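The structure under discussion appears below in the form of structure tokens.
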Amino acid sequence: MMAAPILSLRGLTVRYPVRQGLSRREITALQPTDLDIHRGETLAIVGESGSGKTTLGRAMLRLVPVSGGSIVHDGKDLTALPPTALRALRPRFQMVFQDPYSSLNPSQRISTTLTSVLAHAGVPKAEHVERATALLADVGLDSDALTRFPRAFSGGQRQRIAIARALASDPDLIVADEPISALDVSIQAQVVNLLVELKAKRGLTLVFISHDLGMVSAIADRTAVMYFGEIVEIAKAGALATAPRHPYSAMLLASQPQPDVAAARATIRAAAGHAAADLPSQLDPPTGCPFQSRCPHALPRCAQEVPHLALAPRGGMTACFNPLVTDETPKGAQTA
Amino acid sequence: MADQSGSAPTLGAASVGSAGLVRQVLRSLPWVVAALFVLAALLAPVLAAYDPIDAVGGPMQPLFSQGHLLGTDGFGRDQASRILYGLRPMLIVSLGAVALALVLGGAYGLISGVHGGRVDWAMMRGVDILMSFPLILAAILVLAALGASLLNLTLAVAMSQLPIFARLARALAKGEAARDYVMAARAAGFTQAHIMLREVAPNLLRPLLVQATSVVALAALTAAALSYLGLGVRPPTPDLGYMVREGQELIFIAPEQTVLPGILIAVFALAVSFCGDQLADRETGGAGL
Amino acid sequence: MTKITEFNPPTAISRRRFGQLLGAGAAATMLPWRVEAQDGVETLVFALPGLVGNFEPHTWVGFGDTVHVMDTVARGLTHMDFSDPLPQPAIAESWTISDDGTVYDFAIRPGLTFHDGTPLDAAAVLRTFQRMIDETDPTRPELSFALANLGGPNVLGFEAPEALKFRINLAAPDAAILGRLSRPDMVIVSPTALEEHGQEIGLNFASCGPYRIASVTPNERVVLEAFDNFYKGTPSVPRIVMQVIPEPVAQMTALSSGDLNVTNLIPHSNIDRLESMDAIRIEQSAAFISVVLAMNCVVGPLTDIRVRRAINLGIDREAIVREAFFGKAEVPGYITPAAEQGYSPEHLRHSVHDPEAARALLEEAGALGTELSLISENSGFWPRLGQVVERSLNEIGLNVTTEYLDGGTFNGRLFDPEGHELAYLQRSAFFPDPDGRFSPVYMSGTTGADAVTGQSGLPEQARLDELIMAANAEGDPEARGQIYVEMNNYMADAIMPVAAVVNTFLPVAVTTDLSGVNADALGTYRTFLEDSEFTG
């Protein structure tokens, strides 16, 4: 028996109104999405920029207005909670942001940033300095950082501080939204390792949002691939990295830097045949499968109907009428 | 352009060179002038030789008369004493109004900007309406409704400046609200009030203060203009703007009675506006004189 | 305690130079109306404070400008030129009064026409007057106040029994009515123009004054041409331009550069300086403008006549003349100024400055330190005057605070019995008849007595009302004058609802090449320019 999920998303939807000339329209940043996040797992959410992965990460913590669906935690629907009750729950779900230059308040000393979270989480004032120092130690920083402002730190150090802040409220779940993409390559690994380490040490649940399918497969338990505002495939991280079912997953995997010259060529050829400019517009969504214009496997049916997430032939789930079935995944792109 | 922060001149005048020295002096001049105005107003009771309201000599004595350096007015009141005391309403109104406009306009813009959506729309239309009146007209309307007094003049000038601060604060707050630290604060479970006051507001303070310095001059001129129109302090309380008006009909007979207060208003406005420019340049990284 | 020397105009050369430079600069920017004068026609330029451009005589649309234009382009049955206390013939060449004093027959001067050529006869005069009394007259403007200014309900009606005979029927005798007929709202208007333009007569004005309107540019100027069929003959100056120059400083520069010939709007402070200039003459005007301090007799400490008397004794009128009017004003007697019938030098006792006696009276009334509010207008000479009055009243132990208000707010507070304690009242003479200062202001039932001073209900008021009515029933000018002498004394001694403050005039500045300007009239707003003549 599996334990109850820490968060259970059902039909979670995010739409934004946009003004186009005189008319008001809506774009759907997140299509109705079902997703369970299990306690203690590391769930990776992968996709290109604009795929809705950041929206999903924020929506599941109710940090952006949700247009529909539910977020169930411990039998309570977070979308229906009154503001005070929601605020009381918030410390248990934290977020680490992509840009550490924007996610720390430039006018606050690090001590203020940390202690205001501690205070809100109910830590007595006398313990603030001690706890803040311990948090900084956890992320590998000295206590003299407390008296400084964010501008005194490098990007990597700031991200460590941001992680310390996320940990300050002793959360159960951390959503890390591309936490390393703004950092120097040389320190990316350090920050990822720090997150993984802390996760294990504290028994956290980690949602790791990234565009790097290869990297997340090394740290995640499960991987969800997003395209055009919806999850198109979700599977065990290892399985997805070796045998993707959805053509988009395969394409994403193929587009990662890789030593295989033949595979790289294939990717380039595939991209040339189906220009990335064919990325559909949110304002004018295509009928049928949103990926069909770029899909080397598209069937006539794909232009008519929208595929929904369903159990894939060999485990996991995928939203595709014509999923890949072979094991020799990256080459799947070549079959066109 | 060379770094012009305060630490540069520690190299010493010799190595900075005479051009640099001249620039340093020129840059500090407006601050010195503004400080002199404030000092003179504060020390008016010490510096003034006479009570500014009492008739203390024959009327209409010219400049450099015995005992009356700047002569006397038509009522026999000492002009120098009146000018010293007359600085006070100008300073009180301009500084007070700007401070008030900063606090109120800043809060208004902060709420509007952080809140966003319909509330923001409605609040900004309110500001648009206020801005569609010429500033001076809006102030005149306020004074017509409330009556002329120093407090009401301050309120009127503050109201005429409110939109400036509301708009700036709103634009800044909107920019800040989009930054991740605000979302981090929300994720931490802080209340909206906490986020506005503790997280966002401190980041607006610097640019708002720079803006404030640069509109003190405008406030001083508006205050002087309203006093000139008879909407400021009640005579016989001395006030530079009103002295310009009172002396105006004497411009052919004793021009100094209207010209001198006028020049002082202009010098103060010029000095504080140079100070404001310097602060604004520093804020935006520019390097004006 | 304070020795104040006589006002001496400083004469430093630098100042004069400064003024000349400023004048030259300002004059260079003010030439537009001189275009009118460049065709060789002799032109008199007169300064207006403003110009609405509507000359409806029965409702002033703009006060200053309307009167100036009206006096120059229109005339009534009688005329008072301020040199004689009695009305002179104008459109009426003579009149007879019935023995009981209620029927006035006016003989209309034969052979006159209006500016538009319409013959001026009794029927035409009747047309103008019917418009005042007939509320169904389609040409009657809304809020017409002409009948009230002529005598109100005492005027029973008008007739034209003969071609050149016009009749006014009164209920009771009214000795002031001949004077009132010289008011600028009693002018005779062309019936043809009335027929044609109805309520818009003010925009298409045609009357029978010395000048006719050639063109009107609102807010800029009115161009007037001499009228050949004026009853006194064609005026000597063929053209008058009434040019809007609201700023006194601009007027003075225009005067010195010769771009302006006549103005009555310069500040008193500049009289001496202008007089010292070769090209400008200051005409000596009689002081027909009086300022009084109205005391609301029904509120607070002012209900005690001792406090009102103390205030009257406390006002330092010599300081006011010296400091607020630069010596160009007079210490008054009481209500009637020295230039009018009914004044007596003994009235000066009502304007004595005696701070000790004033303080003693306040002490007796237990009113030392009493706080009083005083309302004043905030333009013109008022703030200067206000500062001296406030100072002298505070010196006798009162605590007076003056509020300086814009004209609209001031009037609102003035006419509200609860809106003021002390307030200034200004009275100019549209015609120099002593009644003009009493019956419209201090008689029971008027706004003045009911709302401004609140004296209407006082027991002593009945006698004042009687005196005012007796004076208007008295046909003999000498006897009538005596009643006004008594009326001044009675009102001051028994009621003291107002303290006389100062009598002054509008300083009239004229270029020296012009003579015959009626300065006494101009000093109290009336504008009779028909006798003007260029001599240079």
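Letters A, B and C name the chains as they come in the text, with residue numbers starting at 1 for each one.
Just so it is clear, contacts are C-beta pairs under 8 Å (C-beta built on N, C-alpha and C of every residue); 3 or more make two chains touch, one makes a residue touch a chain.
Just so you know, these numbers come straight off a predicted model, no measurement behind them.
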Contact graph of the chains (line, ring, star, complete, other): line
Of all chains shown, smallest offset between own Cα centre and global Cα centre goes to B
Rounded to the nearest Å, the gap separating the Cα centres of chain B and chain C is 44
So, in whole Å, the Cα centroid of chain A is separated from that of chain B by 51
Here the gap between chain A and chain C, centre to centre from mean Cα coordinates and rounded to Å, is 87
In the complex, the residues of chain B that touch chain A are 179-181, 183-191, 198-199, 202-203, 205
Chain B contacts chain C in the complex at 54-60, 62, 74-76, 144, 147-148, 230, 234-236, 246, 248-255
Within the complex, chain B is touched by chain C residues 2-5, 7-10, 12, 15, 18-19, 22-23, 248-249, 252, 267, 269-270, 273, 322-323, 326, 378-379, 383-384, 386-388, 390-391, 401-406, 409
Per the touch rule above, chain A residues touching chain B in the complex are 58, 61, 63, 87-91, 93-95, 97-99, 102-108, 116-117, 120, 162, 165, 169
